[in-house]
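Which chain is which? They are A, B and C, in the order written, and residues in each are numbered from 1.
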Amino acid sequence: MTDESHPPAARDRGTLLKPKLSPTEKGARFFFLVCAISALGQMLLIMVFLFTEAGRLFVSLDGEKGVSLGEFFLSQDWYPTYPSPSYGALALVAGSLSVTLLSILLAGPLGVGLAIYLSSMAGRRSREWLKPAIELLASIPSVVLGFVGMVAIAPFLQNALGLPSGLNILNASLFLAVMATPTVASLGEDALSAVPQSVQDASYALGATHWETIWKVILPASLSGLSTAVILGLGRALGETIVVLMVAGGAAQIPLSLFDSARPLTSTLAAEMGETAIGSAHYHALFALGAVLFVLTLAFNLLAHYLGKYWRRKA
Amino acid sequence: MLEAQKGFGRQRRYREQKLAFLAIRLAAGLSLGVMAAIIIYIVVNGVPALSWAFLTEFPRDNMSAGGIFPAIVGTVLLAVGALLTALPLGFGAAIYLAEYARPGPLVTAIRLGVANLAGVPSVVFGLFGLSLFVTTLGFGRSLLSGSLTLGLLILPTVTAAAEEALRQTPASFREAALALGANRWQAIRQVVLPAALPGMLTGAILALGRAAGETAPIVFTASAAYTLLLPDSIYREVMALPTHILNLATNSVHIEATRPQQFGSALVLLVLVLGLSTFAIVVRAKLRRGRQW
Amino acid sequence: MVAEPQTIIEARNVDFYYGDFHALKNVSINIAAQEVTAMIGPSGCGKSTFLKLLNRMNDFTPGARLAGEIFISGASIYGPDADPVDIRRRVGMVFQRPNPFAKSIYDNICYGPRLVGIRKPQDLDVLVEKALRAAALWDEVKDILSKSAMELSGGQQQRVCVARALALEPEILLMDEPTSALDPIATAKVEEWIKNANLTIVIVTHNMQQAARISDRTAFFFMGELVEFGPTMELFTRPQETQTENYITGRFG
């Protein structure tokens, strides 16, 4: 039935088929497109507002000299309300990083352990109610956690260890870990469960024990997802505000021991933004801290994204 | 089996497994136990503070007596406002991404935007709300500014959950409607949306549960330490449970004397947030089980 | 005496591409009205693709390109004046897996009529009964019309889909492997319906026995080409092409 007198090479590639859209349909699609673009727009808008307000700190305004970038990033003196104020963010960044890293040292192993338990060890029934329970625990309001840290753990630490105050980076990291663990566990569980059953069966069939299968087959195969889970947990801890505001102690210094007080970026914002005049240098300095925080969390998110991709490509 | 390796290291291998499993069980038990302990601690200390008057009266005597009625009302209003902000935008964006979008740089950019927005700390949303709604648009510290800020905060989660629900309705629904002469928008409105809507809504409620417990975004956009009256317009400041707890515990005149109020408020907030989330999770599980496709 | 059947669908030199994949190569065919035409061939041979061109369902496939022309009742369906929505109302389609909407049986059948503006309950009632009778389902479901179509058996669901398509009173019904997800008893019922239907039907099937049982004419596709087309009896007993013979004797595919 093919027409041999009509050789394929001579034929054109045809016209592109497209669904025809009526005016209402075009209108509907346009509306939804606008909604979708608004998400992107919002991201851009956040950046524009954050960086414009932050930028004003560094330029001269009303005859006052702007703060230098060097002072902002390298000085540890955060004295925004002094007669001759200084706006050094170093101690605050150090405060943020120290509580975040400490908390992930706890939440990483705990969360991954919980994820392994859920995906490979728990029975079907306990898994069925544990998963939603963890999701539920992730929604405990941070102010409640911070409150428990203040009224229960701080006095306990103070008495048990003979400290001047129980509000310190140890206490803060404990509660940040409580916040981050469910995130790590539920993302990690997704990653572990994505390892095909057939691969696990192959390992069992070769005489591996349950643990050997987990350790040598499941974990390596899901490393990308697990590292993403841990980094996203890290991001959540870094951005958490109220817990650290309530229990980290609030001293703008570089913490040198577990029992030192710290003033992370987020708690500085929450504590001082309400007290400052809109448009003052202090106000812009706080936006500059917000910008630093934004860049740090964005970096973590992108890292998680690319690490996930990198491991996937390697696998 | 290779003769030489019969029973190779069997003892050692099982001992290793036992140790590893013990460690994992400990990790799992510890993390769940700690969280359970926190909830129990709040419940045990909060219940004595609860009373009908506590839930329905205004605070008195520098917050050391009376109730938390305006804070409950404020939290509910903020949550409803956030939902009204996030639903149209989030559902619209999800419909575009799930139904219309074809792969390309624009869609990649939108997805990147949504994904990164979800990772932006809530306090940064608070700054944004302060700068845009409170200052630039002149809404002031108000119910409106707070609702918009919370709405934007949950927007990425609402969008992602709604897109997921839309993607789970079978392609055959759309095909069948199109083959019967429906246009694309009719197919979406009449067939896809009714099937996906329950899933989209539970996702939104789950996001809302988290937003209702958020403190940082409303501290500088909406909340007052104390109001004499309930808000009579969206331009009024409101009290809210999370900020009420924060104020009493860190800033109030009588930090120690108001402890019962603090525990009571924490319990009410916990019940509100966990209740909302539990409701959404249970409905979602029911939907998944009863799904006919 | 045998009158020369009247052509209702005519495809002329049709080429079709998915992106760079050349899915249909210079296909020309005349399909007769009031007959059952079966399309057979191994998977990926282009038979379903061709079927979906007949009601313009390929419009929704990104990167789809078409050359050549297709006429239904003498009018080009890819011409500049053709309205795809109108074509889909005239050319019904039943899919591989039963795909009723998550709505009542009644609302499933009414979906098409309501789209064209029929709203009066008494009119719809008449249409629903007529369509369900035509799909040989009326007696089984007449008392449960408000029940969700999702709760019916697979065979019943597929006949709801047939009835839903018939409610628009199409000139042609396209069926894309309509029994591949059904058990033998349900398959027999659908086949029975096809044989007795007073309608132009084009059916794609991977089941040669089915094509032999129910169709008047059969087209054999292979690698995007229409290899052979003729009366079903002749094609199965005296195939003209070796490829056809190889396929129907089970030497490949």
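The rule is simple: a residue touches a chain if its C-beta (ideal position, glycine included) is under 8 Å from a C-beta of that chain, and two chains touch if they have at least 3 such contacts.
None of the values given here were measured: they were computed from a predicted structure.
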item	value
Chains most often in contact, by C-beta pairs	A-B
Reference chain C; chain at largest CA-centroid distance	A
Core chain by centroid distance, with centroids computed from Cα atoms only	B
Cα-centroid distance, chain A relative to chain C, in whole angstrom	52
Centre distance in Å when chain B and chain C are each reduced to the mean of their C-alpha atoms	48
Geometric centre distance via CA averages, chain B-chain A, whole Å	16
Where chain B touches two or more other chains at once, by residue number	183
In chain A, residues with contacts to at least two other chains	19
Chain C: positions in contact with at least two other chains	60, 85
Of chain B, residues touching chain A in the complex	13-14, 16-17, 20-21, 23-28, 30-32, 34-35, 38-39, 41-42, 88-93, 95-97, 99-101, 106, 109-110, 112-117, 119-128, 130-132, 135-136, 152, 155-156, 159, 183-185, 188, 206, 209-210, 212-216, 219-220, 242, 245-246, 249-250, 259, 262, 266, 269-270, 273-274, 277-278, 281, 285
Touching residues (chain side chain C, partner chain B) in the complex	55, 57, 60, 62, 85-86, 88-89, 92-93, 95, 97, 99-103, 111-112, 115-116, 148, 150-151, 161, 164-165, 168
Chain A residues within the chain B interface of the complex	19, 21-22, 24-25, 28-29, 31-40, 42-46, 49-50, 53, 109-114, 116-118, 121, 130, 132-148, 150-152, 178, 181-182, 185, 209-212, 214-215, 232, 235, 238-242, 245-246, 266, 269-270, 273-274, 278, 286-287, 290, 293-294, 297-298, 300-302, 305
Chain C - residues contacting chain A, complex	13, 15-17, 22, 25-29, 56, 58-61, 63-68, 83-85, 225-229
Contacting residues of chain B [partner chain C, same complex]	102, 170, 172-173, 175-183, 186, 190-191, 194-195, 292-293
